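Chain lettering (A, B, C and D) follows the sequence in which the chains are written, and residue indices restart at 1 in each chain.
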Amino acid sequence: MHETFYRSLYRVRRVEEEVARIYPTDQIKSPTHLSIGQEAISVGVCAALRPDDVVFGTYRGHALYLAKGGSLNQMIAELYGKVTGCARGKGGSMHLIDTAAGMMGTSAVVGTTIPNAVGYAYALKYRRQDQVVASFFGDGATEEGVFHESLNFAALKKLPILFICENNRYAIHTHQSQRQCSEICDRVRAYGIPAERIEQNDLLHLYERVSATVTALRSGESGPVFFECMTYRWREHVGPGNDFHLGYRSQEELQTWLEHDPMLKIGKEVEDDRRSQIEAEVEAEIAEAFAFAEGSPFPDRSELFAHVYKGA
Amino acid sequence: MHETFYRSLYRVRRVEEEVARIYPTDQIKSPTHLSIGQEAISVGVCAALRPDDVVFGTYRGHALYLAKGGSLNQMIAELYGKVTGCARGKGGSMHLIDTAAGMMGTSAVVGTTIPNAVGYAYALKYRRQDQVVASFFGDGATEEGVFHESLNFAALKKLPILFICENNRYAIHTHQSQRQCSEICDRVRAYGIPAERIEQNDLLHLYERVSATVTALRSGESGPVFFECMTYRWREHVGPGNDFHLGYRSQEELQTWLEHDPMLKIGKEVEDDRRSQIEAEVEAEIAEAFAFAEGSPFPDRSELFAHVYKGA
Amino acid sequence: MLDRTLSFVDAIQEATDLEMERDDRVLLFGLDVDDPKAILGTTRGLPEKYGPERVFGTPLSEDAMTGGAIGMALAGLRPIHVHIRMDFLMLAMNQLVNVAAKSHYMYGGLVHLPLVVRSIIGKSWGQGAQHSQAFYSFFMHVPGLKVVAPTTPYDAKGCLIAAIRDDNPVMFVEHRILYYQKGPVPEGDYEVTPGKARITAEGEDVTLVGISYMQIECLRAQRYLEEVGIRSEVIDPIWLSPLDIETIANSVRKTRHLCVVDNGWTTCGASAEIVAQVLEQLQDEPGIKVKRMGFASVTCPTTPVLETEFYPNGQTIASAVFSLVRGKDKTWMPELRPELKDIEFKGPF
Amino acid sequence: MLDRTLSFVDAIQEATDLEMERDDRVLLFGLDVDDPKAILGTTRGLPEKYGPERVFGTPLSEDAMTGGAIGMALAGLRPIHVHIRMDFLMLAMNQLVNVAAKSHYMYGGLVHLPLVVRSIIGKSWGQGAQHSQAFYSFFMHVPGLKVVAPTTPYDAKGCLIAAIRDDNPVMFVEHRILYYQKGPVPEGDYEVTPGKARITAEGEDVTLVGISYMQIECLRAQRYLEEVGIRSEVIDPIWLSPLDIETIANSVRKTRHLCVVDNGWTTCGASAEIVAQVLEQLQDEPGIKVKRMGFASVTCPTTPVLETEFYPNGQTIASAVFSLVRGKDKTWMPELRPELKDIEFKGPF
């Protein structure tokens, strides 16, 4: 298990570091919200899911896409705006999707995929299917009314859905304390939905708790479950760089998260040569993905008018 | 106090009974949502407010408008579509307003006046004024996302606002239990807002509790307070008649509310001759209001294009 | 079969029932669809027949329920989401405009959304500011959505079946005043397919395009105009997106006069689009006269004296068309003819 | 004074500052208005100067914060509510359309709402489906709202001051690409009042109406068209509601050719309205040629190769106008002229 986790964490981290490295060359013409520092949440939850379970995410979706098994080649190609991208270059970094892997999409408008996930869960229950849905969103998204409407409906209909709140404390540059005045978990419990807070990017604990929950969810009877996952964004809100110079948060705040970096922690549990082997494999995969993206063609101009309507 | 309450309750009740009586004559061409059975909530809360406090309500707004001191003549004229109406005949029963009395308006779209009330409360605090705002809405309105967004902001900014939920258990013909799966008060408390439930149309208790709360609110420091007021709509959702034949609720359900009718209860506390005097005065006032409405002219056709833009 | 007549209400109910019988992926939900009034009868009997998982009322949560419908469609279901007032769609705009309209394109065709959003326009009896609006121009504006506003029971049934079978989000717009109109409706299923307008009356002198309920008023105007010998060709676009501009433009090429009467505001409305497209197409044919009519450019008032002024009607349309055809300086207003107060639909097929 | 030049960003910031200084009823709020990036600089320094009660960031609650702004306006304040993307207004439509636009009329003039809603349109760099939309036609459609989309720093400042002083809800639409354009901006306060368009270049052969950012592309097209001897009259409507159709119609009466270039979709858009109104006014003058340009009728794609096709630009506009003026069969596409890549604003005053 440690090896799987390490590979997944290392892979997501390194992919995004490469994206950040390439970014200044202007080959990626798409606003990019990196998950660096938050990988453990997507990795931990998705490891507890089945391939045929589905997830919905946000514009900060690289980690989720990869953790759920989305095609790396297609993701990088999408960032490059190539026709081989997961959305044929039409969606960009903020709209990753890989339906084959159960990655059902992401939105650039905060909170909008939450009810989509709930509707999908309704369909699963209606069809008596035993898959589950996981809806990923940030702390800021919980301020949108649709979050509450979604909780109420999901609880009312006892839907097989996991709500995963990645609480990195910030909405862009504004701290949670300036936007909310009570605990998110308490707000969720008020709907009769079990809510649990996972501290400090604790991947293993998150994985255990989600695994335990998901089994009950599959029966279609237990109803929704909520996890508030405390995590931290290392880089700027959007773009490849750091933003501590802006002064809205301190380098010290970052420090404690660096010390608890799940990748390093779990890396220690993997023998050195095994680890270097994994890293070598991942590096090769990444190099190949960027090569694939660079080598791929842009969509033909005629694609502008394709996909407006299905069957038209 | 009993006399004041009785006068107010009797007045609202009788006004709406007259509206219901006139309705079939088709002189009132406006969808009318009667508060009959729910009068005690508006009466109890408004009695605890100052004339310069303000309230926002819903399409079911006759009781609130009258309890807050709105002009009866102008209300009936508005229902008749006359130019002497509180909105010059342009708003109808669903859009009553009397700014002089602190009745700031009502909406036909559920939940929409809640954030308006919150914004008004923000203005009061910003100006260091010691008035308070009371926002009235139904149990169904608490399902709209904007209700939650409004609670969060009001709590965050500690605004001088009372949230008054008139819980009559139904949204049109659908019982609360088919739309919600947990207590409204618990949902509100999750924002750190004190929430209290007043049972059985208990006017006197409501009046005491609101009076006690409002004083703290005026300081501008205490922050919002929520009251869930259990009450019951006797008539059909919209229109003058009864609707027990529809079968979505039972005559028995109504029975217990009839037995606890605050108007009768409080009426008993008033000496007979005093009571008959009050009733006579109110009847005269009502008769005059309907005469005023019937005698008033319709707006001139040129009014169609007035009031689209201020100062245009 | 053709002499079987149904009300608009029953046509909607029948179309829904047929499709739900045919395809168990079709779901029906929205506020009060399962209550005793059954959305003015359009959902009557369906909760009992299909059960509470396929037909259900919802909480008052338009935004989340619209997002939910999208999620169901992503999962392969074919939801029908009902709103008793089109005005309430303003709470669902984010999901409709930013998600439903976009998904198929934004994801490179990987997903599609078979979704029908029914909504009803109110009129008269003091519906007023917030219960009378028709927003279809908003949805025409945004690529990725289809929009239909049928007027006859025949089209109501055929368009709803077509909408349910369409793989794209379709805004299905109903007008409450049409609900009690009766007309011939064949049994069994048939589609009135997107992008085809219908000529409801033939004439040589002027083309009247009547949208939604205004189609009825245009048919009334056409009768009035006969009094003064003006022969109107009346067209019902039925589908507003895709819009059958050819049928309209061809008619105008013949009549040289176009009057578009919308059941909504004219500014940036459907009437603006139709007039603009027709004149773009016919700009090599000088001398074409056009006129737009619709809601007065004000908020809808409740008092009857002002509300009647707010809407065009058969007489005011006839009067405007008279001046359009005979010249600005010529004016005429027909006497009200009671027999034109109600028009029974005659088809066509 | 006239040679003081400011960026669009600084013009917005200065207008806000001046009005807040003048009138303590003016409040400024919205997501991130008080953060280090200060809405790309347009709110820079204001939180410090006016304090957290007058200038504040909000929770992610567009619906309630819009409703809140309305409540503040009802209480006599003059709120400015800022949205970093116009796309997010879809979450505020209910309050904007059903409440803000309606209140003055629906309450018989008893209340009014002095309210400014600022929103920014995105473009380029893969903004894509949900970060690139311009919805002003929605707000033009609904009576009771005013809409303005300035292009120059001069107009940005003057229109914002006018909007803040207006007693009605004003949708103030900004285009991000304009933010770094510089132009002359007088010190002190002045208003660019509603309902007056500006002729930004005079010409005899064709009238180019460029809305928002497309005004810049029209000015580029005008330069290109000089190469082939076509003299363009370029008009910036500035205010879309109320719309100064007279200035446009008078120009077309002279040039006989109208090309409206919108920074949005054309269907039921501002370009449809302008074309329809002009042709309604000029229908006694046969032979007027019209053309609409705007976003391609698709969702905005992120990949650069498709995004460039999505937007009109100086060259494609010039090419279309060439065929409009010289005849369908005549085609021409200008060579890209680098010096036209960036246009410094020159005024006018």
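FYI, a contact is a pair of C-beta atoms (placed from the backbone, for glycine too) under 8 Å apart; a residue touches a chain by one contact, two chains touch by 3 or more.
Computed from a predicted model, the values in this text were never measured in an experiment.
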{"item": "Identity of the chain that, by mean CA position, is farthest from chain D", "value": "B"}
{"item": "Separation of mean Cα positions, chain C and chain B [Å, integer]", "value": "36"}
{"item": "Geometric centre distance via CA averages, chain D-chain C, whole Å", "value": "31"}
{"item": "Chain A and chain B, separation of their C-alpha mean positions in angstrom", "value": "46"}
{"item": "Residues of chain A engaged with two or more neighbouring chains", "value": "85, 89-91, 95, 107, 109, 143-146, 149, 152, 156, 179-180, 308"}
{"item": "Where chain C touches two or more other chains at once, by residue number", "value": "58-59, 61, 63-64, 87, 90-91, 94, 98, 105-106, 128-130, 143-144, 297-299, 301"}
{"item": "Chain-level touch network, classified as line, ring, star, complete or other", "value": "complete"}
{"item": "Footprint of chain D on chain A - complex, ascending", "value": "29-31, 81-82, 85, 89-95, 107-111, 140-141, 143-145, 171-174, 178-180, 246-248, 298-299, 301, 303-305, 308"}
{"item": "Chain C residues within the chain D interface of the complex", "value": "63, 87, 90-91, 93-94, 96-98, 101-102, 105-106, 128-130, 133, 137-138, 140-144, 241, 265, 267-273, 275-276, 279-280, 283, 286-292, 297-299, 301"}
{"item": "Complex contacts: residues of chain B adjacent to chain D", "value": "56, 85-91, 95, 97, 99, 104-105, 107, 109, 112-124, 126-127, 145-146, 149-150, 152-153, 156, 306-312"}
{"item": "Residues on chain D engaged by chain A in the complex (per definition of touch)", "value": "31-32, 35-37, 57-64, 87-88, 90-91, 124-131, 296-299, 301-306, 309-310"}
{"item": "Footprint of chain A on chain B - complex, ascending", "value": "143-149, 152, 155-156, 179-183, 186-187, 189-192"}
